[in-house]
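In what comes next, subunit A is part of two complexes: it sits with subunit B in the first one and with subunit C in the second one.
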Partner chain A sequence: MSLNIKTETARIDDEIKLSSGKKLMSYDIKYETYGHLSDKKDNAVLICHALSGNHHAAGRYKGEEKSGWWDNMIGPGKPINTDKLFVVCPNNLGGCHGSTGPNCINDKTGEYFGSKFPIVTVSDWVNSQKSLLNHLNIPFWRCVIGGSLGGMQSLQWSLEYPELIKNCIIIAAAPKLTAQNIAFNEVARQAIMKDPDWCGGDYLKEKKSPDQGLSLARMLGHITYLSDDSMKKKFGRDLQQPNLKFNYEVEFEIESYLRYQGTKFVSNFDANTYLLMTKSLDYFDPIKDYGDKIQRMLSKTTCKFLVISFTSDWRFPPHRSKEIVELLLDNNKPVSYAEINSSGGHDAFLMENENYFKTMDNFIKRLR
Partner chain B sequence: MSLNIKTETARIDDEIKLSSGKKLMSYDIKYETYGHLSDKKDNAVLICHALSGNHHAAGRYKGEEKSGWWDNMIGPGKPINTDKLFVVCPNNLGGCHGSTGPNCINDKTGEYFGSKFPIVTVSDWVNSQKSLLNHLNIPFWRCVIGGSLGGMQSLQWSLEYPELIKNCIIIAAAPKLTAQNIAFNEVARQAIMKDPDWCGGDYLKEKKSPDQGLSLARMLGHITYLSDDSMKKKFGRDLQQPNLKFNYEVEFEIESYLRYQGTKFVSNFDANTYLLMTKSLDYFDPIKDYGDKIQRMLSKTTCKFLVISFTSDWRFPPHRSKEIVELLLDNNKPVSYAEINSSGGHDAFLMENENYFKTMDNFIKRLR
Partner chain C sequence: MRVRDDFELIISWIEKDSRVLDLGCGDGSLLKLLKNKKNITGYGIDNNIKQINKSIENEINVLNFDLNDGLGEFKNDSFDYVVLAQSIQEIKDPKKLLNEMLRIGKEVIVSFPNMGHWTSRMQLFFKGRMPVTSELPFRWHETPNIHLCTINDFIIFCGDNGFTIKEKSITSRNFIDSYMISLLPNFFGSVASFRIE
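Take a look at the complex of A and B:
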């Protein structure tokens, strides 16, 4: 069968009260769907995206150079098999690819949200995704799936709406950030906020763009997504030109790669969304947030879990994923765990890998 | 005995031809000495500093808040024992604490060097330190000692002037940077160079200062100097205030620490020197530079080596130090190697640690 890709925007008119205490009276969620919803409406799968992701997870539109960010995983006959499943991937609230976010016009004021857009959390996203579920008139998610920040959303779904999620896949994630994780995010944020063109967050109003800061943030991010080993294999100490130049232009291939990644990113991403996403990562800490309540919450979930980590991921290494596994086992939840051998670093969750794909396929084939 | 600290500036009038092909006709090297040169002039030790270090390694001047950067290691009765040794610590050429560097006035033009200051390499430093040795009228170094970038200078000394160095201590170093190491340096450089106040390197002339960029570079550096574990112990996810603020001000202790480190650093360091030091790190690769010649060079050294690494150092982890050990063993050099248990990360080389200090003390006590 074909992918049957559709792009829609849901206008959600339910008021959402955010973790910060602020409210949004209504908002748009842009989303893509793949495959077909069954007559029983029992085959819907939610894909949650990570920091720089969006709703365009699979397929390729006319004129597009590259397919969606998880096209290797989602499609007819692929592990997230659109011949059988109805796959929904929204752009998160606060994102910059069509859902309501800082780069949108606030209907109330007629101006860009910019600095006025509230910080949203993983829990806020799950609540907005619940409204999308209602909007789609789907009774429950057969499975919620996400990698990295997306995996945190999967976990949060199992805690907040145990009755609405039958299976949960958490890839390359952690139950909370470490001080080092937060530190990297903070340097990225400072890079953006110290850019004079950030204008306190209101650069769109000022017709400016903090490109330098956002590009720095992305360069830094990239270092943490790749493993030392994968960088070594990809670039080593290869020079861009046969001889050293003894100046501050690009000397090594890795420098050229990073500058390119930085520049490419700013053409397609909003700096305020980047800030907001990193804060959402920093804040995520359900074990602390729920305290003693977490056992009661987990006791309600009937969800089956699959947790996956990658050996070379140093952003959220296997021992961090195992913290999630332990939380679930301690609460007698059925959980499968796979530690995948890969040199791909954190980004391995986006890469083709036989063991990884087989693990996904096996779990998803048996979804009940 | 007392530390007998002295601060001097050597005017070196020997022309130096740099690795880049550029020349300096003369230059100043500011240096400190501790202890007393023996009558036989056979007890001089050279300390090489790292990226952000300078000549002020030990002791405390009137009004100074903190002692020199290696005060725990250097002094009467300490591992680098100034009761017995005459210790010399220069500020490197291109530095910003008194030696000729980008923040100095070029006598020829009457203007700040700024962007005109040539990039210098580890080899250039060793050559300028050789001129300092001549200037001091000392026949040889009993030992050359350095950590991190300083350790690279120690290693380079043993290769370039085997007849002038009797012992060599290389701490928390590597024989070359990895792509990941270079990547971090490149992001730091981009942070500085994208700061509009960098002015192409001529900020002093323009009476500006790229503080934001330098502060970002330092914040990023700090993450790589500390281990994930030491950050966890020091900060964890501690909040600065009891409740989340949901804005972009400081939320977690680690953010406060990083911002403080960034701000403190810019008051005391020159951005162009930072750029130059990171380039010097990137370029260091004696095994490639010397190729087949390295065996012949090493065959001439009669030096005893001590190589030290720290378990939690992820900038130059133990396996990188072992590459140096292997190079030396393959060439039948006498080398002791110690892998010190520490959670201090790369910065462990600056921290008090019983096993580390004993290892240093035992080796230095037996210097011949």
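Take a look at the complex of A and C:
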């Protein structure tokens, strides 16, 4: 069967009260769907994207060279099999690919949101995704799936709406960030905010663009997504020219690669969204936020969990994913945990890997 | 498929609706049988991703942990039974693991291939070679088995460490062996299973 890719925008008119206490009266959620919703409406799967992701998870638009960010995983006959499942992938609130975010015009003022856009949290995203579920008139998610920041949203779903989620897949994630994780995020934010063209967040109004800062932030982030091993294998100390130039231009392949990644990123991402996403990562800590209440919340879920980590991931290494597993074990929840051998670093969750795909395929084929 | 002898025995020892942790669960067959026959809940643990994937295929909750790292993920007395079926020979520190099993389980069940079986003894005695048997199919240089023992060794090990043997059962696949087992268990038994408290 075909992927049956559809790109839509849902106008949500329910007011959303955000974790910060601020409110949005209405907002847009841009989303993509693949496959077909069954007559019983019991085969819907939610895909939650990570920091730099968006709603375009699979397939290829006409004229586009690159396919969606998880095209190897989602599609006909793939682990997230669109022949059987109806897959929904929204762009998160505060994103910059069509959902309401800092780069949108505020209807009330007629100006760009910019610095005025409120910080949203993982919990806020889950609440907005719940509104999308209602909008689509789907009674529940057969499964919620996400990697990295997306995995945090999957976990949050199982806590916040236990009755609306039957299965939960949490990949390359952690129940909270460490000081080191936050430190990297802070350097990324500083890179953006120290760029004079950031204009306190209102660069669109000023017709400017903090490209230098955003590209630096992305370069830094990118290093943390790869592993030392994979960088060694891919670039080593290879030079672009045969001889050293004794100046500060690009010489090593890795320099060229990082600059390329930075520049490419700037062309389709918004600096304020980057700030917001990193902040949302930093704030995530449901075990602390809910305290003792978390046991009561988990007691309500009949959801089956799958947690996956990757050996070379040093951003959220296996022992961090195991913290999630332990929380679930402590509460007698049905959980499976797979640790995948990979040299791909944190980004391994986006890469093809025989064992990883088999884990996903075996679990998803047996969703109940 | 024929059910492994030690599995049949372990299944008979486990009560209905109990909570079971199966260490070195392989493809999850034991837990699957226990789920169907005894309506148990629980988890399997294995450190091989291929086995993890087979367990998921068998719809078993399975955890990709290394038993040599201990069982710190589990709370005291959180299981009715903790099972170690024919995996003890691969464990770095069996004493430490058994203590951990007793901490988190009300009862511990251990089964292992008997190194004292006559086929092993004959190979070493007559051929002068390290035994390779149906229960222990690996040659010395490729075996994952670092702590093989005989039934007598295991009984002494339990005594030395204060593990109380509640029940034991020695089985064999061979008809003549089964006939002689009660006479000389450590010579004719190929697999031994113990219930420990």
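One rule holds in what follows: the second predicted complex is superposed on the first by the 368 of 368 C-alpha atoms of A that agree within 3 Å, B and C clash if a C-alpha of one lies under 4 Å from a C-alpha of the other, contacts with A are read in each partner's own complex, and residues count from 1 in each chain.
As a working rule, a residue touches a chain if its C-beta (ideal position, glycine included) is under 8 Å from a C-beta of that chain, and two chains touch if they have at least 3 such contacts.
Treat the numbers as computed from the prediction; the structure is a model and nothing was measured.
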Which superposed partner A:28 touches (first subunit B, second subunit C, both, neither): neither
Touched partner set for A:14, first subunit B, second subunit C, both or neither: neither
Subunit B versus subunit C as contact partner of A:202, first or second or both or neither: neither
Most subunit A residues touched (candidates subunit B, subunit C): B
Partner chain in contact with A:180 - subunit B first, subunit C second, else both or neither: first
First, second, both or neither for A:275, with subunit B first and subunit C second: first
Touching partner for A:216 - first (subunit B), second (subunit C), both, neither: first
Contacts of A:340 with subunit B and subunit C, given as first, second, both or neither: second
Residues of subunit C defined as touching subunit A within the complex: 41, 43, 49-50, 52-53, 55-57, 59-65, 73-75
Interface residues, subunit B side, partner subunit A - complex: 19-22, 118-119, 176-180, 182-184, 186-187, 189-191, 193-194, 196, 212, 215-216, 219-220, 222-223, 226, 228, 231-232, 234-237, 244, 246-248, 251-255, 258-259, 262, 275, 279, 282-283, 285, 288
Footprint of subunit C on subunit A - complex, ascending: 306, 322, 325-326, 329-330, 332, 334-341, 355, 358-359, 362-363, 366
